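Step one of this worksheet: look at the structure below.
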Amino acid sequence: MTLANRSLVTIDDLSVAEIEVVFSLADEMSAARDKQFDVCRGKIMASLFFEPSTRTRLSFEAAMHRLGGSVISAVDIGATSLAKGESLADMAKVVGSYADIIVIRHPWEGAAKVMADYAGVPVINAGDGGHQHPTQTLCDLYTIKKERQTIKGLKIALWGDLKYGRTIHSLIFALAKFGADILFCPSPGLEVPEHVLRKLTTEYGGELQRYQAPEQTAKDNLFPLDAIYTTPSSPHQLAMISGISIEVELKTGVDALYVTRPQQERFAPAEKGREAQPEYPVVDKKLLKGKVFREALVMHPLPRVDELAREVDADPRSMYFKQAARGVPVRMALIALLLGAKEISAPGADDSFIHTKDYPAYRRDSGIRCPNPRCVSIQETETKYLKPEFKIVDREPVTLRCVYCEHGFEPKYVASTDWHEGRLENKKYHNADSRWARKIKPENLIIFDTEATARNSGFKPSRSARAVH
Amino acid sequence: MTLANRSLVTIDDLSVAEIEVVFSLADEMSAARDKQFDVCRGKIMASLFFEPSTRTRLSFEAAMHRLGGSVISAVDIGATSLAKGESLADMAKVVGSYADIIVIRHPWEGAAKVMADYAGVPVINAGDGGHQHPTQTLCDLYTIKKERQTIKGLKIALWGDLKYGRTIHSLIFALAKFGADILFCPSPGLEVPEHVLRKLTTEYGGELQRYQAPEQTAKDNLFPLDAIYTTPSSPHQLAMISGISIEVELKTGVDALYVTRPQQERFAPAEKGREAQPEYPVVDKKLLKGKVFREALVMHPLPRVDELAREVDADPRSMYFKQAARGVPVRMALIALLLGAKEISAPGADDSFIHTKDYPAYRRDSGIRCPNPRCVSIQETETKYLKPEFKIVDREPVTLRCVYCEHGFEPKYVASTDWHEGRLENKKYHNADSRWARKIKPENLIIFDTEATARNSGFKPSRSARAVH
Amino acid sequence: MTLANRSLVTIDDLSVAEIEVVFSLADEMSAARDKQFDVCRGKIMASLFFEPSTRTRLSFEAAMHRLGGSVISAVDIGATSLAKGESLADMAKVVGSYADIIVIRHPWEGAAKVMADYAGVPVINAGDGGHQHPTQTLCDLYTIKKERQTIKGLKIALWGDLKYGRTIHSLIFALAKFGADILFCPSPGLEVPEHVLRKLTTEYGGELQRYQAPEQTAKDNLFPLDAIYTTPSSPHQLAMISGISIEVELKTGVDALYVTRPQQERFAPAEKGREAQPEYPVVDKKLLKGKVFREALVMHPLPRVDELAREVDADPRSMYFKQAARGVPVRMALIALLLGAKEISAPGADDSFIHTKDYPAYRRDSGIRCPNPRCVSIQETETKYLKPEFKIVDREPVTLRCVYCEHGFEPKYVASTDWHEGRLENKKYHNADSRWARKIKPENLIIFDTEATARNSGFKPSRSARAVH
């Protein structure tokens, strides 16, 4: 199996089998870390960090050096070339002609995809806004795998800020793909976004069971669980029974407790300030004495602030410094594979239960723009060459997902290129959630943000559209 | 031929034959880019960037890594050591004792020369203010050479901001040296400075033909040509005939169209704002359909903003990403040669038509300072050890050129050390453009900025000087 | 002798014999600088600079590259991870899992010790606030040794800002350890702190002779000498006789004149501004014509501003650029030794005359905090895991020294865990400088900052404590 010349933009770019290949090679390299320095000799990695990140950058650069490669590095470059109004595509082409592989961190969601589309060399996403951070997810999965031999069938609790952590969203889908169950234990107000949960159940199958009173669970000396996701791979008997008590659900304990820091830098203004977050839960010795955590790996992507007490550091269950250390062999393996410096025989067939759905594309130029203000596709320097592009991920109601930032949204109006009997009086636009909308074939669908753009395109309101007024 | 231990401060530091040597080695290294990593093994390049420049820095660093060398890098150091009041000379000596070669970018014009004067190791100028950026010029020339086999006799159009682009000024003199003809197509208000044109005709020979109404040429579906320079090497028949129409001049087409971005960061305050530059011309598909550009290479030093439409990227004439990519082998060749890691047999005699004139030096301490506010020689930290030094490049009127920033200017008053018959009443200073001024031998010339300094040096005004009052 | 896995936080971490080992290896590496690139092949150095320092960082990075190792570098990281509230201990553990050795510069005093305590790999202090900069001291000593073959018995004059220069304080103790005499020539107001002088005489033995009128010495065409320290190793005959004139003292001349720049960035507000420092003395040709300097090495840690005239650069006695250049082989030797990449047979027994005293530790949690505002132990992110810890370095009065920043201070109140006859009415706290205080055994000592904390701990004031009211 070769991964040569591939990019890693989202964790979905790698199948379960491919991830297992990365892990085998990481094992091999970890066992002989200081003997890899001919693997990428003569190769150059460019690390382009448009946002500061000492830890992630140093981990990538250490990995490349351990492989004997070289690094050219641009840190906090927001202020330089971009100030001159340069586009990401131009920078991708230029840096792609200097280096053999590019690592990028960028505040715009989808920036890594643009880099990968234009660079001509493999690109690794080291974090693009709140979107994805797939190598962090690889380190997380690798740590679970190393400690528990498998990920399938494990029960993983996610703790703290489940709303803004980009590492959390990548991890959720990866865990589902590997067949783990997920327990959601958010800090109040920082629950997992609905679109993530929806994607879990619609694309990854499995069941989602919600708890109405997470406060109650906390008072019962449990923890603030608000939902459990059980994968379709191991249809969880208990999950089938509605109203089952959490105590029963958890009697076997959780296998890992994944703690995250409040991503204050992404909080909306109203969420800031200590008053607004009075209850950010702290993982400490006392909590970990609970039966449910007896065997739990305590994980954290770091850096931590106060959500994970230092007294836990000496506990053998604490994994977070191991997670960080394992980032080096995982990234070594990934870099070596993408550069084609290593190939490895695949461990049999892909054992993933879930395959990403193949949604129809929407590329029509009908004035639709991604509504996510951090999406790369709507930034001034990028609109000069990037065309908006979406997947039609649902029809009831019509739901688009931006191919860059993967943000989903529901546009208001639709029409068909194939209007009834070709008669001009039938050239009408409809409310996106009307029954007319559902009848249009995907290949004929035209989507409008506003009635004005629909009218400017020569369409008149149908009865459903008029009804909205 | 060896270039070992030489520095590259301005493009004039290399003869045409030496540039050809760099290009041969670049060809060789380009053909086997990944096999050069023993050439500079154990050598260290320091890259000192006092101004941000992701692209140029990464290109140099990639080149050094491809040669197997190491890089120590200081980015945006304006705020650090210089804040402590350190001089460039001190930094040159120290860094020169750490590294084997230094690459410097600095906002002060002449800074690279100072670095080269004190470092004790080869220094490459990666851009010093608005002065020079010779390796960009090498990349430009190399691209033309690769695509057209020769530079001599080609017709190169320069487009856009010809006033502030440092790459443009280096390129103009290099093209003249190689025997190319130059068409000047400035954005209105951003014409080539007069001193550049004067230097072209006085030092490089050749003829300059000016057009009075560039607006007219634009309306005739041509382009905003305001002057053509024809080299003495290939005396251009048409250029001899005054009033010749541009259509005839251009009927053979141009060989390259070199586009530049408006260097807004160097604009004078009055030049800023969109209102002030309503007509910055855009190179797009439509323009390139013109007959004159049928065979033209479309070049740009990058980054671009809007002056070069993205639709041109797919055109086979577009060269700008190739220019950037070729920066790596050109810089590899240059570094290897200056470090003495490669020597190469010269391709015969120097075929340059032009030899830099040997102007008399003016080093006398008579209070003259370079009037260029960005010149390194007048900065507070540098005046403690740098003595002003000039070339006397003209006598009618007396014109000095600073040896650091190469800025030319006309001082007001002159006197002679050898006053008439040695009688004190003849110890007089003159107007610099008077007939007395012209009679003074260069070795006797004393030059004053103001009458006050002349008087303080014991001179009295001659009749010519009095007349100015 | 092996130095493998050791850290260098203060110059006292190395014995005289160990420093000599570093110097022998530096000699060896200096003689064949370009042949060391297999010594640390495959090893990674992390350079973490929380404060800007181009020169020191480039010197370390050049050293690692000359050894064939790789560098991962984070510059000016104050704004990144630390902004997220991360502790130094967490960063130490993480970076220690990426790299084989860490070089740190940090504005907090004691930061390098914390890094060394947690990293799990060798740590080199490249400057921690005003505390220490031990590798600069190694370069200084190495230069003296190279030029004079020995340090023992030499007379070294320290000139300028002896108050804020961290390089000066490291150097003073190192010179004492090597058995050199020290002449203190401060700029008025920038004298060596008393605690440094006290440590010299109490820990290093030797004698300190003070001059009352340094202005007078300056007028006598000498220089602003305010004290001489003579080591116990070579009991200086003249120093025994009080009132001896400086002329006699200096008739043999000084061996080195170590000049420092005013560390304006550390000046207290009242010390800033030109008016406040009218007399910062300049070392120039004229001063160096003095008999006393005939054989003196002129040294400076660089960067310099105006305190050392550029006219001295050409003087054969000027050593400062050699000092900087020698930083590379010294750091090469140090890195290779700490990484265990080189071992070297020790040159016989340790010939140091002074052994650091073994003071009793004070670790009791009685509310005592280091009063140094720049001490690492009191910073918000660090107090979460660091416990204050001190050495009891004196009893009359009770004096504590922080183990992190080595700042000494006199707490106000003390008590004993073993109160008289165990009767509660004897559970009293005393004035720290009272006779009761002196009677308490070190292992029983409890120390309080304020009376409130003493009372809260259940103690009542003794007569001595009441007397203070």
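The chains carry the letters A, B and C, assigned in the order they are written, with residues numbered from 1 in each.
Methods note: contacts are C-beta pairs under 8 Å (C-beta built on N, C-alpha and C of every residue); 3 or more make two chains touch, one makes a residue touch a chain.
In this text the structure is predicted, and so the values were computed from the model without any measurement.
**Student:** Using the contact definition from the top, classify how the chains connect: line, ring, star, complete or other.
**Tutor:** If you draw each chain as a dot and join those that touch, every dot ends up joined to every other.
**Student:** Please decide if copies chain A and chain C contact each other with the same set of residue positions, more than half shared, or with different positions, and reply same or different.
**Tutor:** Different: fewer than half of the residue numbers at the chain A-chain C interface appear in both copies.
**Student:** Report the inter-centroid distance (CA atoms only) between chain A and chain C in whole Å.
**Tutor:** 49
**Student:** When you check chain B against every other chain, which residues touch at least two of them?
**Tutor:** Expected reply: 73, 75.
**Student:** So in the complex, which bits of chain A are touching chain C?
**Tutor:** That would be residues 34-35, 37, 52-55, 57-59, 61-62, 65-66, 68, 71, 73, 75, 261, 265, 302-306, 310, 321, 324-325, 327-328 of chain A.
**Student:** Any idea which chain A residues touch chain B in the complex?
**Tutor:** 41-42, 44, 46, 70, 72-75, 77, 79-81, 84-87, 89-91, 93-95, 97-99, 384-385
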